[in-house]
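One structure follows; several queries about it will come next.
Think of it as A, B, C, D and E in the order they're written, each chain with its own count starting at 1.
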Amino acid sequence: MTDFLQQIVNGLTIGSLYALIAVGYTVVYGIVQLINFAHGEVFMIGAFGALATWTVLFKGQTGLWVLPVMVLGAVLVSVLTAVVMERIAYRPLRGAPRLAPLITAIGISVFLQEAVRLFYPGAKSKLVFPEIDVVTGTALSIGGLSIQRAAVFTVGALVLSAALLWYFVNRTRLGQGMQAVSQDPDTAQLMGINVNRIIVIAFAVGAALAALAGVAQGLLNSNIDFRMGFLAGLKAFTAAVLGGIGNIQGAVVGGLTLGIAESMATQFIPGQFGGSAWKDVWAFVLLILVLVFRPQGLLGARVVDRA
Amino acid sequence: MTLTDTPPARVPTAVGKPILEARGVTMRFGGLTAVKDVDMTVNEGEIVGLIGPNGAGKTTFFNCLTGLYKPTEGQVTLSGDVLPPKPRAVVVAGMARTFQNIRLFANMTALENVMVGRYCRTSSMALTSILRGPKFRREEEATRARAQELLDFVGLGGSTESLARNMPYGDQRRLEIARALATDPKLILLDEPTAGMNPQETKQASDLIFRIRDSGLAVVVIEHDMRFIFNLCDRVLCLVRGEVLVEGTPGEVQSDPRVIEAYIGGGDDDDEDEGPATTKETL
Amino acid sequence: MSPMLEVKDLVVAYGKIKAVKGISFSVDEGEVVTLIGTNGAGKTTTLRTISGLLRPLSGSIRFQGKRIDDTPAHEIVTLGLAHSPEGRRIFPRLSVEQNLLLGAFARRDGDVRKDLQAAYELFPILGERKAQAAGTFSGGEQQMLAMGRAMMSRPKLLMLDEPSMGLSPLMMKTVMSTVTTLQEQGTTILLVEQNAQAALKRATKGYVLEVGKIVLSGSGPELLASDDVRKAYLGED
Amino acid sequence: MSTSTTDLTHGHDDDAVKVPLLERIPGRGSAAAWPLGLAGVLILVGGTFLSWSYTSDVLGDLSVDFYPNGVQICMIALGVAALLFLLAHRGPLHRFGEWLDTAAAVRVLGLGAVAYMVITLGIIAYQSGGLVNINPGGWISLLGALLLAASGLMLVSRQHRDPLFAKTSSWLEISTIVVLMALVLFGAAYALDIGDGGSFLLFLLFVSAVALALTRAGAFTWVGLIAQKNRPVLMLGAFAVAFLFPFTQGGSDENMSIATQVLIFAATALGLNIVVGLAGLLDLGYIAFLGAGAYVGAVLSASAFATIDWKPPFIVVVLVGALFSAMLGLIIGSPTLRVSGDYLAIVTLAFGEIFRFTMGNLDGSNGPDITNGPNGIPAIPDLAIGSFDFGQPHTIAGITLGRFANYYFLLLLIAAIIILVFTRLNNSRIGRGWVAIREDEKAAEAMGVNVFGLKLFAFAGGAFLAGMAGTVKAHHDVSVTPDQYIFLESAFLLAAIVLGGMGTVAGVIVGATILKLLPEKLRFIADYRLLIFGLVLVLMMRFRPEGLIASHRRKLEFHEDDEELAQRIEAVHLEETEVKA
Amino acid sequence: MAQRSVMTVGASLLVASLALAGCGTRGENEDTGSTTGGDAKVAKIGVIAPLSGDLSALGKGIQHSVELAVKQANESKAIEGWTLEVEAVDDEGKADVGKNGATKLASDDEVVGVVGNLNSSVSQQTQPVFAAANITQISPANTGPSLTRGADGNARPYKTFFRTCTTDIAQGGFAAKFLIEQGIKTVATIHDKKTYGQGLVQYFTEAYKAAGGTVVAAETINPDESNYAPVVSKVAPSKPGAVYYGGEYPQAGPLSKQMKAGGLNVPLMGGDGIFDPKYIELAGSTSNGDLATSVGEPTENSDAGKKFLADYEAAKYAEPAAAYGGYSYDAANAIIEALKVSLKDADDAKSARQATVDAVGKVSFDGVTGKVSFDEFGDTLVKVITGYKVEGGKWVSVKSENVS
């Protein structure tokens, strides 16, 4: 039972990371029907942004007060990357065949990884992420369960962002505009909504959450590297599809589901095909099964096919 | 079946046995009933018109016929066989269609477009295509010849190698018909064949439809242009709010007050209330 | 006085296919002008071009003297030109109130609440169900919402595209009488309708479109009495 | 030059943007332009006979007077090409000039020459420590290049006829093809022989300047047309060139090793092109099918590490590998082909990862022992078909052909099979079905095209061909390990198609060659290779999404709104049909 | 007419210049930079390692160490009448690129021996290329036993392949004994599913069980990830006395940290792949007590080792010698030793290749990492393994032992 609960905790932690990244996929997809393959790289860049902020401003400091500034740095860098990417690479391709933006996304993804590897000092190998008081250090032990402090941060970050996002989307003018654009971009324009601006905002919101995830991963794993975006991005996309792409709640549910499924697969699939060696395989099998049997995802509504 | 260039005839040919029979077709989306209990019969050598104001459920009904939707209730039979709810199977069974908004393969030539129509009546598969045996050559030759014949039939014999997207609007409409004819249908469904055409082109279109009918096919036409449809059809169904309002000869339908009401519209001052207000049509 | 909306030699094309082939018409302040015609005549294309969703190939559009054929759609709304599109196009997963507030998206003033109340007065059914998701509404209710939403931008000119499409006669009456109400309240209206009679009855001016061209124009009653209109719609020879 | 004001009516799609800029050039259309160009050529060529560099170890050796080396000879060739175009513009060759936009060609050549000289001098200055090390010859040639460029900018295109409608005798056409083929062979052999990256880069610049000049002049329109007309000659020529290539290597395996890898890569990319280019399905896990074939080849080989005891003859292995791959294609395809484009891309990506993880896991501890896990299956013996051992060098016509040359011929055969399958399927009922699906899936379905079946066939067929190539790859590579089948490899395959041109054979071969050859030759940018790769993908999608050598149809698909292009392509098509008839 | 005359002038100028070109003289290979005089023959030692990409730090260390050895040999005129040169080729850590590089080296007639590769999976493909050309290949880093011993462990597949590092068998065996001696009888193993890591764990497990220990859990991680919490949670309940990790420091460091954060407070032990200062940096302060094995005496302990490090420092290479510097230096010197024999009577480098292979098999000298000599499989005879422990943020050697 402890094993089970422990793996739930682990799953929720990883799942929260996936969920934070998945929101970015889902928000952008919801509005422009574009799979921003390079979103995993935005997440990676967020982590490096946080590290750079720390290195430049606070090297050697471990106080908790440093963390918000690091997060801010991460968010700035990520948002800037995402917005520039949208402006330069994606916007000119609107209306082009689907293949074009997808290949562009792969190109951006490779480019960003390499740019960080080549131009961030020391990024050719893993970099140590700073330890911050309170959120890193010895795990908390609650009833036989060991809970990493950074895990609390991660889950907390997800809860907080989900709440803020909910407020933003449902209670603010821009959020309403965003919903309108995702449901019917043409009509949204007739309401006086600047669709281009909304798209930029969608990219920015996704990037901000990805940056937060980047910081969380840095704290959790105590290191970051330029390749961390690929697998995380792929998993987060899986999570977004699991939950129903285009649906923000879906991204959260999908992320948590995937995280828990993975840690459960590590512990509870018996025999040769279990264990951590196969957990990624099971995660992807899950993706394929969902796409085949419930393409709209767990929370998505079936889109009526207009002939 | 061959299509020949017989001169257009206004007189309906002898009506044969029923080809298409729709019985009690009902289509609901969620709580909304788009099509309610529609019956329609089309006989050999007949041109049937389907009219109705925007949003009357014509397109939904059409989609039920062509296998895009599976009707919630009722069934459609073609020559006695129940149509499977798969567009491709419907074509194979012998019913071809055109589209309201032209859906040609824009970057293919006219000839290639029509050759695609032959797809379901030809059979060379991978190995034959790679090895290029005599069977492949024969079939390819026949496909090409048939496609050319159909282009000639619709009057596009001179534009064989033009890209579909470069053709004038009227030609695109005719090309779409040629492509549909290439599937060797018993019945052809034309979805607003004259939308966006000028009167001269419209005239040419009705001539073409007569010639198709004269070659032995049954034709169903959805249209808004009343002059066109009343000139063309042997029988007209008027669909309003998902139900058949009137069915009869053009003359009967044209003079039916309910049709006038539905089209020119009973103004709000007319207190005449008809039709259940529960049937609604949404997007 | 120059007309409120002036369309001159407008040509609009989808790729090679011209949907609107050089039409000119004008709408004066306080008028109800209607465009009628069959499917594919180019009515909807015209409205979409005026509101900036499509770009014309040539020709000009002036609204209150200012050329707007190059202005982006979201800015045109702020000039006081609202467009209630064909097929209602309400935001189905948003509530009624959210839909209405989106109508006022471009406005910066604080009177939005007041207009919201006005919309609920105009369409009481909306007020009764303001928290309901709009997608669950019936066609007629959706149409009311669409019109209410368009009015939320406080337009000087309201363009209505097929407001009676697919509605029951009862609903149709309600909708059409709303048009009259709006006109009485001082909104200029450009109405596209297939229900020619209902439209022409209210119109101060009407244009009949056929295959992208204006073939007939005149005052509402004139057109209503015209044999040509009857012919156009019922093919009577 | 009375027509100078109306000369730009000839519609290249992007001319419209460039016209105003060009017309603002001072002295445009002046009579001095032409003699200026001639002078430029003379100075340029003259400069090449003088020493360019003080030190002798930069870019080969540029320090000797009256003895141009490779880098300088390219410059001479560039000058001669410019001279020919100038003479065609006005002078003895004007008969050809009537068909060509000679001014544009001179412009491109002039600007190319300037770029060439600037880069060359830059390299000399950089590598030998300062501008002082540039000898007068270099400056003279640069001056010549500048004059030539100025002349090109000042020259105004004359009204010329569309080369599309040039009627030429067949001996001219065939000899053009032969000469072109010979140039390709010679150029490839020469390029591969260039040792240092700088010279290679300059050679590339030279080739692209000439190619661009010919394109601009409109000569390639004509070449394309005669290629259509003399298709058999062209195919024969291409294969002759490919076949002769090993004989130019003087028995050395150095370049043959690269060449075989280019072939494996190109063959696989051609298989993928059936899926992506013809059927329009995006497959991001295609490398897995190559891997499946390779693993079958390895497991059924005589390697001591092979886990299965059945050792059938190689031809059987090829079939088993191909069928196994195709079966995987069916398994992954049949449930997922119903999902829409983007989703399919992700599913295939996931499948590729599943394949890699699985191959790494089937090692006896995390699954049945089939693949040896991460260690892979090494020590796969060389192929021997009959008495022909692929591991041993053979001597043909006095030229020794090494191990890689042997595999090269085998791979050439496989590539030929794949090309045959590709082109024949493309021009058949099935190919038409694929185009229809790409154009409008719903309409295709409504016209009776078996959409799902055709997609599945493309998927499985592509996998079949990749599996076939994979079995050879296993023997060629000697070992098979999971880390060769990562996502990036799939991305590279896709990039080969995207760069080269979707839906064409030549395009994919060009793309594959670029992607495999450039990194080998430009090792000094090795660390920046992926960075550049990413950037190129983005730029290509932005500016030329249809690729370098695109099929007409693909070009149109990526330029839905370009009516002029559509007209032009129709004209080309009509001319081609007429020529063929 | 004016055009015509310009043409004539141009043509005559062209002809004239071509004529002049014929008279030009281009010197035959002016060896201006050579210090050893014009008549020295050249033999090359190749380096094939990842010089770009994420493994380039290790690859560059290999390259520079070989360069150092060659420079010293040239300075001391180790081989009379011959100049040695280094030809470095990048394999990017990829098999197919490595094969191209190997072919390139093999086609160069002056290359007699090669140091490399870093990755076993690349060596698998370069071995046959060098074997076919009779070029000696000495790997400073390939620890997979099958490279020298074949599938069955007793048949040498390629006579030209040697290595200066020991195999996984030796390290795994030493580690097993080491842990038992410390009184740790239960262990969990984790590896990264790569050739090196899996091999290490496999041979460790065999030796550990033979020595009476119990492996209570065997897990793997995905090296592309950096969150190992699920694995740690799965391993923790089995209460192992230590975790034996097969893999490299980029994963091992975070794993150690996450283990301890996750309540699994036991030492992590690994092979030479984790014996790197960066490991301690990544594992943080909780890494005290973690263990590693590495091959040879601690470099800084032996005089040769100290000298090597000092020389390397003095040569001011851009990158540090890194983990495999010492082995590479020894490998290069092994080739140089062999060349002393094989080049003595050779006319050109190519003809000395076979003799070099034979001679390498017989070399014996004191190198940086201990005595350098090879057994009949091409494995190094000296199998000194040293155990290290993290103490106060540093690797400290605990004991060395010859395990052969």
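We take it that a residue touches a chain if its C-beta (ideal position, glycine included) is under 8 Å from a C-beta of that chain, and two chains touch if they have at least 3 such contacts.
Predicted model, so just to flag it, every value in this text is computed and none were measured.
**Student:** Trace the shortest chain of touching neighbours from subunit B to subunit E and give its length in steps.
**Tutor:** The least step count works out to 2.
**Student:** What are the mutual neighbours of subunit C and subunit E in this structure?
**Tutor:** Expected: A, D.
**Student:** Identify the chain whose mean C-alpha position lies nearest to the mean of all protein C-alpha atoms shown.
**Tutor:** Per-chain C-alpha centroids ranked by distance to the global centroid put D first.
**Student:** By mean C-alpha position, what chain is farthest away from subunit B?
**Tutor:** Farthest by centroid: E.
**Student:** Applying the document's contact definition, name the chain pair with more C-beta pairs in contact, A-D or A-C.
**Tutor:** Counting C-beta pairs in contact for A-D and A-C gives the edge to A-D.
**Student:** Find the geometric centre of each of subunit B and subunit C from their Cα atoms only, then give the gap between the two centres in Å, rounded to an integer.
**Tutor:** Taking the mean C-alpha position of each chain, the two centres sit 31 Å apart.
**Student:** Measuring centre to centre with CA averages, how many angstrom lie between subunit C and subunit D?
**Tutor:** Computed from C-alpha means, the inter-chain centre distance equals 54 Å.
**Student:** Return the distance between the CA-based centres of subunit A and subunit E, expressed in whole Å.
**Tutor:** That gives a centre separation of 38 Å.
**Student:** When the centre of a chain is set as the mean of its C-alpha atoms, what distance in Å lies between subunit A and subunit B?
**Tutor:** 49
**Student:** Can you list the subunit D residues in contact with two or more other chains?
**Tutor:** Residues 360-361, 365-366, 442, 527, 557, 560, 563 of subunit D each touch two or more of the other chains.
**Student:** Give me the residues of subunit A that touch two or more other chains.
**Tutor:** 230, 275, 277, 280, 307
**Student:** For subunit B, write out the residues touching at least two other chains, lowest number first.
**Tutor:** Residues 68, 165-166 of subunit B touch two or more partner chains.
**Student:** Which residues of subunit A touch subunit C once you look at their complex with the stated criterion?
**Tutor:** Touch list, subunit A to subunit C: 173, 176-177, 179-180, 183-184, 186-195.
**Student:** Touching residues of subunit D toward subunit B in the complex: what are they?
**Tutor:** Result: residues 420-421, 424-425, 428-433, 435-436, 439-440, 442-451, 457, 461, 553, 556-557, 563, 566-567, 569-570, 573-574, 577 of subunit D touch subunit B.
**Student:** Give the list of subunit A residues in touch with subunit D in this complex.
**Tutor:** 35, 89, 92-93, 95-104, 106-115, 118, 230, 234, 237-238, 241, 272-273, 275, 277-278, 280-281, 284-285, 287-288, 291-292, 295, 307
**Student:** Show which residues of subunit B lie in contact with subunit D when the two form their complex.
**Tutor:** My answer: residues 66, 68, 87-88, 91-92, 96-97, 99, 103-109, 112, 115-122, 124-126, 129-130, 132, 136, 139-140, 143, 161-163, 165-166, 179-180, 183.
**Student:** In the complex of these two chains, what residues of subunit C are touching subunit B?
**Tutor:** Against subunit B, subunit C makes touches at 15-19, 38-40, 87-89, 138-140, 142, 162, 164-173, 176-177, 193-199, 201, 211-212, 229-237.
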